[in-house]
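Labels run A, B and C following the written order; every chain starts at residue 1.
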Amino acid sequence: MIINVRTSQGQQFIEITEQVKKFVAQEGLQDGAVVVYVPHTTAGVTINENGDPAVVRDILHAVNKLIPVHGDYTHLEGNSHAHIKASLFGSSCTILVENGHLQLGTWQGIYFCEFDGPRNRKVFLKALR
Amino acid sequence: MIINVRTSQGQQFIEITEQVKKFVAQEGLQDGAVVVYVPHTTAGVTINENGDPAVVRDILHAVNKLIPVHGDYTHLEGNSHAHIKASLFGSSCTILVENGHLQLGTWQGIYFCEFDGPRNRKVFLKALR
Amino acid sequence: MIINVRTSQGQQFIEITEQVKKFVAQEGLQDGAVVVYVPHTTAGVTINENGDPAVVRDILHAVNKLIPVHGDYTHLEGNSHAHIKASLFGSSCTILVENGHLQLGTWQGIYFCEFDGPRNRKVFLKALR
């Protein structure tokens, strides 16, 4: 299945947990895992706290201090920082499923990580049994 | 299956390779993969050298220079550094299984990564065939 | 299946996308996922742009500014920087397969990440259905 994500900022985490839960229900997946895959090279996916939005803000702020938007990069498109972040966060997450339910921890949400927006993005989902 | 991990320090890597091997044997998994999943947002999981304990010490030391415990974070709980580390290390590892054996390299061990301890933690394991 | 990779530099990304595509064809995998697993503790695997080689160069350059080859490390073998990078990039990638094709994005390539070469390395591949 493909989820469409419309980002509105240069860098932004957008929660997609509900879409992944719906996918598990639609697939009738009882026991196995879901792979959430991002087919982009300037975006990623991560799992982190969805209680206090300050957490996601702090993650982006800290990562931008380490890997600034403007630096001594050679890639002419000017978005090397986003490629670097994509590799550090990773292009997929695997979440377990038992008794038809995603086995996320109490505070865990699944976030699409935009590093070079705003753009129209895609996320691929697949059930492994 | 759930592994219980009791951490004793603020930041600490605890090897769980033996528990994962036992799980593979108990499941009778001959061919496939094991997903090791951490349902926490201030902890992670990684695979690295289990020969010299200095390796794990150096990893934690270097990561703390990049993402210090105290910084200009806004999350009031005061553990933003741990959330950031959790996303950079990741919430799961996938290890292959062939002929009933985990296909780890000679020096590879599986480590639970505590970034906001001490706490009682859980790790989920699942076999994919 | 095992891919052999011969690296020629201390730090180097080597694209292995074609070998993974061949593996999918040989396995006759129509629908599922491929896990690309690196059994080394000073190397990793990542997915990033394979259009402009400057991207990979910028990734390595930026990561070496954050985690320098020589630092205040205690591991006597002198390659702690490579172990740290291995954990940040990760030891595996999971890529989806549909209708017999790897579901990579337009610009995505799969890269073996050497952080302590030159060496003869191995990459394990496995199909999950």
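In the analysis below, a contact is a pair of C-beta atoms (placed from the backbone, for glycine too) under 8 Å apart; a residue touches a chain by one contact, two chains touch by 3 or more.
Given the structure is predicted, the values throughout are model-derived calculations rather than measurements.
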item	value
Copies chain A and chain C - rotation angle from C-alpha fit, nearest 5 degrees	120
Same or different contact residues where chain C meets its copy chain B, judged by the half mark	different
Chain B-chain C separation of Cα centroids, rounded to whole Å	20
Touching two or more other chains - residues of chain A	66, 88, 90, 94, 128
Chain C partner contacts - residues on chain B that touch it in the complex	32-33, 46-49, 52, 54-55, 57-59, 61-63, 66, 88-90, 93-96, 98, 103-108, 128-129
Residues on chain B engaged by chain A in the complex (per definition of touch)	35, 37-41, 66-67, 71-77, 80-81, 83-84, 86-88, 90-92, 94, 124, 126, 128
